[in-house]
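Heads up, the thing below is written out as structure tokens.
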Amino acid sequence: MQALLVVFLMSVIVFFGVNVIGDPVHMLISPDADQADIEATIRRLGLDRPIWEQYLLFISGAAQGNLGNSFIFGEPALKLILHHMPATLELAFSALFLAVAVGVPLGLYAGLYPDSPLSKGIMAGSILGFSLPTFWVGLMLIMLFAVELGWLPSTGRGDTGHILGIETSLATRDGLSHILLPAMNLALLKISLAIRLTRAGVREAMGQDYVKYARAKGLSTRRIVFIHVLKNIMIPVVTVMGLEFGSLIGFSVVTESIFAWPGMGKLLIDAILQLDRPVVVAYLMIIVLFFVLINLIVDILYSILDPRVRLQDQGT
Amino acid sequence: MTDTIAPETPTQTARVETPFRRFAAEFFESRIATVALCLLGIIIVLALLAPWITPQNPYDLAQVDVLDGRLPPGSEAFAGYTMWLGSDGSGRDLYSAILYGLRISLSVGVASGIIALMIGMAIGLLAAYAGGRTETIIMRVVDLQLSFPAALVALMLVAILGKGIDKIILALVVAQWAYYARTVRGTALVERNKEYVEAAQCLGLSRLRIVFRHILPNCLAPLIVVGTVQTAHAISLEATLSFLGVGLPQTEPSLGVLIANGFEYMLSGRYWISVFPGLALLLTVVSINLVGDQLRDVLNPRLKK
Amino acid sequence: MTKVTTALAIATSLFALATTTASAEKLTIGLASEPTAMDPHFHNLGPNNAIAFHIFDRLVAQDEKQNLTPGLAVSWEPIDDLTWEFKLREGVTFHDGSPFNADDVICTITRAPDVPNSPSSFGAYLKGKSAEKVDDYTVHIKTAEPYPLMANDISTIPIISDGAGCNATTEEFNAGTAAVGTGPFKFGNYKPGESITMMRNDDYWGDVPAWTEVEFRPIKSGPSRVAALLAGDVDMIAGVPTTDITTLESNDDIQLSQGVSNRVIYLHLDQFRENSPFVKGNDGSDIKNPLMAQKVRKAISMAINRDAIVDRVMEGVALPAGQLLPEGFFGVSDKLEPVAYDPEGAKALLAEAGYPDGFQLTIHGPNDRYINDAKIAEAIGQMLTRIGITTSVETMPRSVYFGRASKGSPDGLPEFSFILVGWGAGSGEASSPLKSLVHTYDKDKGFGSSNRGRHSSAEIDAVIEEALRTVDDAKRQELLAQATEMAIENVAIIPTHFQVNTWAAKKGLEYIPRTDEYTFATGVVKQ
């Protein structure tokens, strides 16, 4: 219910907001067109009506699942976005996987041996990871791995295959080689985050009573770390990384434009630059729903990992 | 008014005085953080002094000559001075452009940081102090806002608002205020239940007074930490938006715009056009982050032995 | 640096070797801009037309210099003042095997101007024209007034199939079911934002292309596009950024092709307001619009160092312009040279016009539309400042710019005083810029639609209109040249340079450059 209210409010703000700047007609029309053609186009796109009337039309359409037609592609905006969504999702998932797979072990090490030079190197690296602008790193990755070394393709999405009926580039070798660089680029920030979260968690956990108790009981360090500490620190890590999934989708705008990755982030930035208002509005509607969903999933995951939350829920 | 709190003042000052010295000592324990702080100081001074220490005002078209375009570092400009960092495609001296760009980047970061801090602080305090329904509603909004990535919020806003320095500051404020609000509210909640607040309440001090004289000073430490990190974040976000072509216009070339302009030259062998502004951005953001990191370690009691 | 380049050279040559042996007949092209649909009549836009012309033929084609050549029509001529007769090619079949005849032409001409949701239709080219079928291979097109540009207009319309395409929606074209043409390539696959593939049409009536399969990949970011070529991901790219040309030239594994385009970059000056909003006195006060004075306009033109713009801003990849189309196009004047750079003369002329100390001016321009547009505006600002016209520069994204430049002021008139714009002559002859940029703004007749400076001269208008009624080519050429000369003499518009387009291909391939900026797979030849 609250989510619906938010979606509605957002629709008002964004709809009226995007309708203030620029003039989409001049973006679309061929320069050869004369005055009469321009007016015909304005009518065809419904831009001759007063803005509140346009909004009412939009809302009544939205209620029936129609978020309007893209000015540029002439197709339903919703269809366009859904069409571009899998590419973005697979990119974000790959980045998330990389972040956890790389970040957690490094963070674990840095947390267990805070004074070793390697740990200091890891932490310095994580600061760098935080600070380097994504777009800059993306370009460096292309320069290094695609242009100079020639190991990986520079841009685009490779061949796609099917896993469990979903079309994805993770299913083919060519697809995997295409996704590696953009996923790495997108993951960089999150790797740093995972390192820092894990390190902080480990440092805190190692000082706590249950670890001291386990040590006293004579459990091996390895067992303590991998069974007890890791299990405890995974909760905040999973929560934060889950929430960061949304930010991955947000940041994919940058990565997608550099790597010409045909996802919905690139669709959005193109729509903004070309004033394809229906697409901008529809993207926002979808993204709001999406975040509501992510929060829900994180809550569920959280309750699985932390039995106390589950017990509480059952109690009430 | 002043005499009513007279008995409290000595303890208050004593509490502030010694921790600060201890804090400074702890802060400078880390050599990296010390270097970062010095670097940051130098960067800020350079940015402030830009008009007096650069050979060219990159905004004044009378001083820029397209015939000076794309000169490598160390070349001599038409007007006679040496371009130590080379020039960009329009004939701007990069050293001058970077210092002026730093001014814009830093002011965008700091201005948005301060405004967001003020707003976030006010809302956070309100939530913590009002409690009840008001608190629930405010925190709902904060949570909601935080569930959206700042980058996306800022991107949507500039899409709606258009380009311009005021607009990007507004976008960054909207994208950031919730972080401050959450921080303040969290700390204020802890403070609210402490004895000295109860004592102050018993003394009959006004609510406003308690909030501003007692609760707020205690929230400052975490706010400073969040503030430094968020400022670095804001600078980097502005650069990203400008790079995507939705941030600042060409006429207000922040570091992000300079890098974006240099991006065209990446493969052309004229590395200096984007590398130097990139380095400047990197140094700025890294040093702020390093300082913030050390502040967090020093100010976070849980990590202290 | 040398180490880097050798490594790079080895990497690219290895890759080139690998691809040539693997599939010699497939061509991959990186495009700078993406088409918005596979429906050839949906959006009258360069990238769309370029792709459409691979799958669909036109009655009249344009060669790489935009000269008209026979396409699906073997001949065309006016049979009286108001009727043009097109004789169609016999024995041509569509990709689905159905024969091509007059019915396809008639249904195309009916559909093209009127596609639902079309953001920019082909209506402008078909306005006032009615087509009728005489027999299976003869079509007559009639107009209300004598119309010499019939074949030019018809050369923009891709012919679709009566059976498969005429009643189809844009979505059916995008899916491929309706994308049935007679062109050298057949529709393969369309993934928006990702790629467009097409297969060779082995039964093509003309020269069968050398490539069995062509893939187009839109890569909008310039450096990424160049990187894709260097990495061997694509065989050729369009729209090489001027900044990378020098490096690519020295790379032995890359072959560049360059050709001047039909696009002129020019300045429009406010010539219709007594007080122009972005012209101020030196103290910032309102003054009478000095741009009304021809001497001032002339001084501005003389103050612009066109060679410096070409050489420094465009890195040598442009031609200084003295008129509206480069040499070799129909209707250009052979008497006009680019105005010579003369800052002293400009200052003297300004003083003569009553502005010895100049005035303040703002130049507005786009920053994402033409090659290096923002930098050009800045350079012009510098040059004007040097003759005493204190100029500030404001550039903005085209999404904002063009709307404001056309009708951004409160009363719906052009908002700016002094603007940088470009014009590509789609018809490939001089009437296109003259009609739209120089002719008096006239909504009813459809003239001067992009005349944002609102220059107005009855004499020039008369010559342009006469040219547009003159069917005789030699006479029309003369009239167009005359109108151009008058416009330049009046300084109705200040042309600065013609854009030169650059394509880059891997070694062994070469692209035949086109003035219309289109990238055609058929134009890629093996050396």
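By letter and in written order, the chains are A, B and C; residue numbering begins at 1 in each of them.
Here is the rule we go by: a contact is a pair of C-beta atoms (placed from the backbone, for glycine too) under 8 Å apart; a residue touches a chain by one contact, two chains touch by 3 or more.
Predicted, not measured: the structure shown is a model, and the values here were computed from it.
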Top-ranked pair of chains - ranking by C-beta pairs in contact: A-C
Core chain by centroid distance, with centroids computed from Cα atoms only: A
Averaging only over C-alpha atoms, locate the centres of chain A and chain C and give their separation in whole Å. 38
Quick check: how many Å separate the C-alpha centres of chain B and chain C? 45
Taking each chain's mean CA coordinate, chain A and chain B are separated, in whole Å, by 24
Residue numbers in chain A touching 2 or more other chains? 21-22, 139, 143, 147, 257, 273
Taking each residue of chain C in turn, which ones touch at least two of the other chains? 223, 227, 230, 368, 397, 400
Sequence positions of chain B contacting 2 or more other chains: 162, 245, 263, 266-267
Within their complex, chain C touches chain A through residues 4, 7-8, 11-12, 14-15, 36-37, 42-45, 116-121, 123-125, 127, 170-171, 174, 191-195, 217-221, 223-225, 227-228, 230-233, 368, 397-400, 402-404, 406, 423-424, 426-427, 432, 436, 443, 446-447, 449-450
Chain B residues touching chain A - in the complex, by the definition given at the top: 32, 140, 144, 147-152, 155-156, 159-162, 232, 236, 239-240, 243-246, 256, 259, 263, 266-267, 278, 281-282, 285-286, 289-290, 293, 302-303
Under the definition above, what is the set of chain C residues touching chain B in their complex? 1, 222-223, 226-227, 230, 241, 243-244, 246-247, 308-309, 312-313, 367-368, 372, 374-375, 378-379, 381-383, 385-386, 390-397, 400
Taking the touch rule as given, give the residues of chain B at its contact with chain C in the complex, in rising order. 61-62, 64-67, 69-70, 89-91, 162-163, 245, 249-251, 263-270
Please output the residues of chain A touching chain B within their complex, sorted ascending. 2, 6, 13-14, 17-18, 20-22, 124, 127-128, 130-136, 139, 143, 147, 200, 203-204, 243-244, 246-247, 249-251, 253-254, 257, 268-269, 272-273, 280, 284, 287, 291, 294-295
